[in-house]
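Note that the chains are named A, B, C, D, E and F in the order they appear, and that numbering of residues resets to 1 at the start of each chain.
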Amino acid sequence: MSMPINDHVHVRIISPIVTKGFRKLADLKALEHPGLLVSHAEIATGPGSIESEFEAAVSVPGTLAQVLRAKREGVQAVVIDCMGDPGLRPAREITDMLVMGPGQTGMHMAAMLGHKFSVITVMRRLIPAFENTAALCGLSSKLASVRSVDIPVLALEEDLAATTARLVEEGRRAVLDNGAEALLFGCTGLMGCADALRQGLLAEGIDVPVVDPIPTAIHIAAGLVRAGLTQSKTTFPAPPQKELIGYDVLRPALSVAAE
Amino acid sequence: MSMPINDHVHVRIISPIVTKGFRKLADLKALEHPGLLVSHAEIATGPGSIESEFEAAVSVPGTLAQVLRAKREGVQAVVIDCMGDPGLRPAREITDMLVMGPGQTGMHMAAMLGHKFSVITVMRRLIPAFENTAALCGLSSKLASVRSVDIPVLALEEDLAATTARLVEEGRRAVLDNGAEALLFGCTGLMGCADALRQGLLAEGIDVPVVDPIPTAIHIAAGLVRAGLTQSKTTFPAPPQKELIGYDVLRPALSVAAE
Amino acid sequence: MSMPINDHVHVRIISPIVTKGFRKLADLKALEHPGLLVSHAEIATGPGSIESEFEAAVSVPGTLAQVLRAKREGVQAVVIDCMGDPGLRPAREITDMLVMGPGQTGMHMAAMLGHKFSVITVMRRLIPAFENTAALCGLSSKLASVRSVDIPVLALEEDLAATTARLVEEGRRAVLDNGAEALLFGCTGLMGCADALRQGLLAEGIDVPVVDPIPTAIHIAAGLVRAGLTQSKTTFPAPPQKELIGYDVLRPALSVAAE
Amino acid sequence: MSMPINDHVHVRIISPIVTKGFRKLADLKALEHPGLLVSHAEIATGPGSIESEFEAAVSVPGTLAQVLRAKREGVQAVVIDCMGDPGLRPAREITDMLVMGPGQTGMHMAAMLGHKFSVITVMRRLIPAFENTAALCGLSSKLASVRSVDIPVLALEEDLAATTARLVEEGRRAVLDNGAEALLFGCTGLMGCADALRQGLLAEGIDVPVVDPIPTAIHIAAGLVRAGLTQSKTTFPAPPQKELIGYDVLRPALSVAAE
Amino acid sequence: MSMPINDHVHVRIISPIVTKGFRKLADLKALEHPGLLVSHAEIATGPGSIESEFEAAVSVPGTLAQVLRAKREGVQAVVIDCMGDPGLRPAREITDMLVMGPGQTGMHMAAMLGHKFSVITVMRRLIPAFENTAALCGLSSKLASVRSVDIPVLALEEDLAATTARLVEEGRRAVLDNGAEALLFGCTGLMGCADALRQGLLAEGIDVPVVDPIPTAIHIAAGLVRAGLTQSKTTFPAPPQKELIGYDVLRPALSVAAE
Amino acid sequence: MSMPINDHVHVRIISPIVTKGFRKLADLKALEHPGLLVSHAEIATGPGSIESEFEAAVSVPGTLAQVLRAKREGVQAVVIDCMGDPGLRPAREITDMLVMGPGQTGMHMAAMLGHKFSVITVMRRLIPAFENTAALCGLSSKLASVRSVDIPVLALEEDLAATTARLVEEGRRAVLDNGAEALLFGCTGLMGCADALRQGLLAEGIDVPVVDPIPTAIHIAAGLVRAGLTQSKTTFPAPPQKELIGYDVLRPALSVAAE
C-alpha cells in the first residue's frame, strides 16, 4: 500500500510463446504516456502459439522464469500475453509483484462497461476455456457467448481484411443473436484490430465497446499499481520450500518466494 | 477508440451529497501523477449523506446535473463518490463520457486480486444493497460477506482510532470466519483508512489486499480512458426526447443526449 | 399480523408519470370485488413515460410523495404502475404500508405458474433492466428471455391490432425458440391485452398463462394484506433523520418515517 | 382468462395425511371474507404425517383423488396442506383448476417481502427438501438458511409455549447469524403461530415478517383466480391415456384429464 | 465401508412400469463380466410407461416394494429404470443398499466427460423434468439443452431407423446449435441406441461421447459398491415409524427401515 | 462404444510427484478384483509433493509423459494421483484413452450420494483450488465447505492417530456447522483413512459416506471403460502440430495425438 512509485509505472508484457516477432515492441511503446513505461519478453522454451490446453501447460515453466526475471529487474507489474492466462496462478504465488492476465482483466472490464459481453476468439476449440475462465471469475452470468472466427493465431495477419470481415460478422451475431452489449477479443494476437471491428459494427448501426485485451490489461495493471494493490497473498501464498527435480531455471524463484 | 488524449487524463469525483468538506480536495490531489488530473464537485440538492435507499434516490437528480456539467467542462471520466453507485445507470445514459461507480469498480478489482472478497461497510442496513450490487455485477459467487462497523458515515472521523479498531476487527472476522481473501471498503467515507486496516491485519498475521474504492476507481477510470473505452451505448442509450415536468436543471442534459 | 382489516382491502395504483389519462380508472374499477377497493393517482413532477433509466430516476421523488399521501389517506397497499418498479425500494423504507412493484410481483407469479417465463416488453433497450430485476429477485434461472415488440409505451394504443399481432409473434417465439412456458407483459401500458395475446396463441396451439402485471399485482397485494404481511423493516428500515436540501414535498415523509 | 367468478372465490385445502383433526376447520373459516370461501378435505390412504420422502410419496395418490373431487365440486383453487408440496406437479397435470403448494408459494412471498428469508421447520432431516424446493423455484440465492426446532409435527401442539420458545430462538438465530430478513414456517402444522413468533422477535428488537404458509397460500391462490390465472398447461399437460394397474380411484382422473 | 463383497457385485434393474418385455434380460446380461451380476424386476401396480409427473407418481409405491424385495434377496445395488429417477429419494430412505437413478448418474457422467452435455429425450413435455433434475444435481450450468425426438416411449422400437435418424438430427443440433460436447439419452427405452447415434454423428464429423444411461448407471453403481459407498443416511434417514393407511406391501419396508 | 474389453480393465495410477514410496503398490493391488487390474507410475521430473499452484504447474509435463507411456502400454484408463487434478485437461487432449482426476470424480460421486458434501484437505491454502474445481464441475451449489487439518501431505503418516483425530474433528464441524451430508478427502495422501474417519464420526452419531478419492476414481474409471466411454474429443481435441522448444519427452505425444 505504501510501495514507492516513480514518475512512471513499469509494466512488462510476457508472451508465453517462442515465436519471435509475434508481438511488435512498437505496438506496445505506442501505449506509453508520461506515467507509464512498457517493456516486453518472450519465453525460451515452450510452444509456437497457444491454441490448446497442452500448449498452455508447456508454456508455464518458461513464463514463470520470465516473471522471476521481471521481478529482479524492478518491473512493477507483469501481463501474460495470452487470453488463456496460462501460468497466472503459479506466477502470482512466486512473487509479490502484480501479475495480471488479459483474459481475467478483459472479462471484468467488459462486464463493467456493458450489461453482457461476448468473446470473439480464433478457434472453436477454445470455447470451453473461455467459459471456464468466466466461471472462475464469477462472471458466467455476464458472458453472452463465445464465438470464433476459425482462423489460427499465427494466420490472423495473413489477410487482415478477411480477419476483420470475420470479426465484424461474429461481432454482429454476438450482439444481435446472443444479446452481447460489449465485445472482448479472445486472442491477444488480435491486438490493434479493435478500432476496425468497432468501425465495422458502427457502419451497421451497432454501437458497443470493443475491449482490446493487451492495451486494456496494461492500463488496468498500471492503475492497480498506482492504487497500491497487488494479488492477495492469502490466495496466492509463496510455494513451500521442497524437493524439485528438473526446472533448474525456476529454483532461484523458490528462494525469491521464501524471502 | 480514437478519442484524443492529452498528456493527462482528467477524472472528476462527484460527491452525491450536500455536506461541504466531506471530501478534502487535497486527498484527491495526492492521487495525481504526470498522466492524471483529479477534480471534485458536490451536488446542490439532496441528502447530507447516503445510508438508505431513500437518500440514494434523492441524490440522483443533483448528480445527473453535475455529470452534465463535467461533460461541458471537458472532463474525461466521472466517478460517483458513493459505494451505492447512486445514479450510475441514468448518468451513463445521458453522456458518452465514461461514468464509473466505486461500488461496481471496487468489487471487480477485489475479485481480480483475491479468490473471494468481503465488504466492510458502515451500517448493517446497507448489507442488502451490497449483495444486490454484487448480483448485478455477476459477482455474487466472489462475495464472501458484507460486514459493518456500525458507525454512521458522518461520524467515521470523530474517533479515527475507534474506527480503525472496528475495521480491523471486522476485517479479521471476514478473513477468518467468512473466507475473505481481499477486503473492500463499503463506504467512500473511509478513504485513506486502507493502510491502517492493512497494517492492523498484518500485525495479526493476515495478509490481504484492502481496496480503497475512490483511489482505485480513479486510477481504473483513467486506465479505461487510456484504453479508449467508455460505457456501452447499447446498454445505456440516450433517453428519448419526451415531456418532463420539473427538473429544469436536467433539461439541457436531454438536448446533450439528443446530439 | 393483527392489523384490523375492513370488509374490503384498499389498494392504490400510483402511475409514476405525468401523462394524464394513461391509466383509465374504469379499467381499475373493473377489478374490484366485495373484498377489494382500487384507487389511482399520478405524479406531479417527472417524465411523460418511462423507457430509460433516466426517466425512471426522475419519476421517483414524485412517486414517494404519492406514497406518503396514500398512507395518510388510509390506503392499505400501493402498487407502482411501471414494470421497472421505479422507487420501490425507497418507497418501502418511508412507510410500513405494503408497497409492491408489478415487475417483481409479475416475475414471481409467472415463475410459480410455469417452468420458465418470458417477458414481452415495448423497447429493446429495456432488456437489461428486466434481466437485472430477475437477478435481484433471484429468478434469473426462471427467465427464458426478454423480447420486445418495438413500439413505444405511448404508441401502444394507436393501432391495437398491430400491437396484438406483434405480441402474438413475440409470444410465439418466446415459447417455441426460448422455451418459455408462461408469459409476462414487460410494460403496464399493455394492461388489458392479456386475453387477446392468450387467444392468439391458443389459435396456434400454444397454451401458456399470460400474466397481466397490474391486475395481478393488485390481487396479490390484497392477498398479502389479508395475510397480515408487509415488507420487512429489516430490509427496508426508515431512513435516518438528516439534512435534506430540496424535495420539500418529501420532508413530511421523513417525519412519518421517524414515528 | 375469462372464467366466470362468483362473488366469492372457493379455495379447498387438502391435508395429505390420514390424521383426523390435524387441521381445524374453524381456523380456515377465520380466513374467509366477503370475496373468499375456504373448505377442507383429508386423504383416505397415506401417512399419519409427513416428515420423510417416503411419507410424501405415499401421500400423493390420495391427494390426487381429492384434487379430482375438488374439481368435480366446482372448487376454483386447491392448496396442498404440506410444506413439501407433495403431489403438486402431478396434481397440476390432471386438472386445469389452479393447484398451489404452500412451500413454493411461501418461498416466493417471503422473497418478495425481504432481501433473504429463512425457513423454520420441525425436523433437521427436512433441510435438504427445503433447499431442493428453493432450487426448483429458482430462489436458492434468497434462502438464507433452513433451521429446525426438532419437534415432530404431531407433537407441536403438546406444549405450545415450548414450541413458541423454540421458534423464537431459531428465528433469532436465522436473523442474526444467517442474515434472514423474513421468516417462513417450514411446516403447515405451525399454522397460527406466526403472531407469537413475530411478537417474540419484536420483544428482542427484531422486526421481520413471518409468513404463515397456509393463510398466505389461500389468499394468493384466491388472488391468482381473480387475476384469471392457472398453472401452465405447457409445463403441466394432461397425462397421456395409457394402461394403469391399480389406483382405480384415479382412473376417472385420467378421463377428466382427457376432456 | 467394510461390507463384504463377493467375487461379483449384484446390481438389480427395477423397471417402474407394468409393461412386460419392455426391458429384455438378454440386453442386461450382456453387460455382465467376471466381477458383475445383473438382474431385473418390474413393478406390479403402476403405469404402462412414464411420460408425465402423474405416471411417475403412481409408479413409486410399486418401485419401493421391489426395492425392499431386492434388499431381502441380497442385491447390492438397485438402479431405477427411468430417466426421471421416480422414487429415488424415498427408496434411498427405506434401505441402506445403494439405490441409483440413471437420470442423476447419467448427468454426472456426461458432465465429467465433456464441457457441457445435452439430453435427447422422447417427448417435449419432459424438458422441465430434466431441467429440474439438473438443478437438483447442481448441474444446471453443464446442461447445454434438452431436445426431444417426439416419439412416445413405447413406439421407439416400432421404426428403429426412423428413431435413429431423429436421434442423429437432434444430436447434431445439440452440438452445433446448443454447444453440447457430450450427449445423454433422456429415456431408458433408448438403451442400445448409443452406438448408432455416435456412428451417425461421426459420419458428419461430430465426435462426442453418447451416454447410454442404463449400462452406465449399472457400471457406476457397481463401482460405488466396490468403493464401499452407499447413499448418505444423513440425507436419506429411515422414515419414522408411524400410522400408514393402505400400501400394505410397504409395511414390511418400515420395519426393515427401523432395524 | 465398441472398444474390445478383456476380462479385466486395466487402470493406471500416475502419482504426479517425484517422491518414491508415497503410493504403496500393495494398497492399489488390494483394490483389484476379477474384472480389474491396477498399476502405478511416478513422474521423473517435478515436485516432491503438491501443495501449491506452482508445484501443480511443474508436475504437468512429467505427468503428460507418463500418460503417453500408459497409452503405449495398452492401459485403458489413467487416474492422476492428486486432488488438484493437475494436467487433467492437457492429458485428455493428447490421448483418446480415458483420463480421470480424483478431484473431479470425487466431487461428482459425493454429490450423488448426499445432498451436500465437504472436502477435508491438508492445508488452508488449498481452499481456493477446491472451490475452483467445484465451480468448473458445475457443483458449487453442492459444496458445503472446504476444511483443512493443517498437516502437510508428506507428514500425514508421521502420527496417524493425530491425523485421524484432526480428520474426525473437521469432519464433525463440516457436518454440524456447514451442513455437509457426505465427506470427500481433499488429498490423495489420505488414502486408506476413510474407514477410520467414518468410524470416528459414527461413534459420535454422525452417519455420512466418506469418499476416498483414489479407490473411488479407480472403480469409476473402470466403470466408464466398461460403459464404452471416454472424454469428449470435442472438448479435448488433439493439440495442433506446431513448433515446440524443449519438452523433448513430449514430442512423441504430439505424433500420437496426430494419429
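Observations on the model:
Going forward, contacts are C-beta pairs under 8 Å (C-beta built on N, C-alpha and C of every residue); 3 or more make two chains touch, one makes a residue touch a chain.
Keep in mind it's a predicted model, so treat the numbers as computed, not measured.
Note on connectivity: the fewest chain-to-chain touch steps from subunit B to subunit E number 2. The rotation relating subunit B to subunit D, fitted on Cα atoms, amounts to 120°, rounded to the nearest 5.
The chain with its Cα centre farthest from the Cα centre of subunit F is C. Homomeric contact subunit A/subunit B: same residue numbering on both sides for over half of the interface positions.
Work out the mean CA point of subunit D and of subunit F, and you get 44 Å between them.
Centroid to centroid, with C-alpha atoms defining each point, subunit A and subunit F lie 30 Å apart. Touching two or more other chains at once are residues 115, 128, 132, 135, 140-141, 181, 235 of subunit B.
Here the touching chains pair up as A-B, A-C, A-E, A-F, B-C, B-D, B-F, C-D, C-E, D-E, D-F, E-F. Only residues 18-19, 44-49, 51-58, 60-62, 64, 87, 89-90, 92-94, 125, 128, 132, 135-136, 152, 235-237, 239-240, 242-247, 250, 257 of subunit A touch subunit F when the two sit together in their complex. Within the complex, the subunit B residues that touch subunit A are 1-2, 5, 7-8, 31, 33-36, 100, 104-105, 108-109, 111-115, 137-142, 175, 181-182, 194-195, 198, 206-212, 215-216, 219-220, 222-224, 226-235. Residues 115-116, 141, 179, 181 of subunit A touch subunit C in their complex. Listed in rising order, the residues of subunit E touching subunit C in the complex are 127-128, 131-132, 135, 140.
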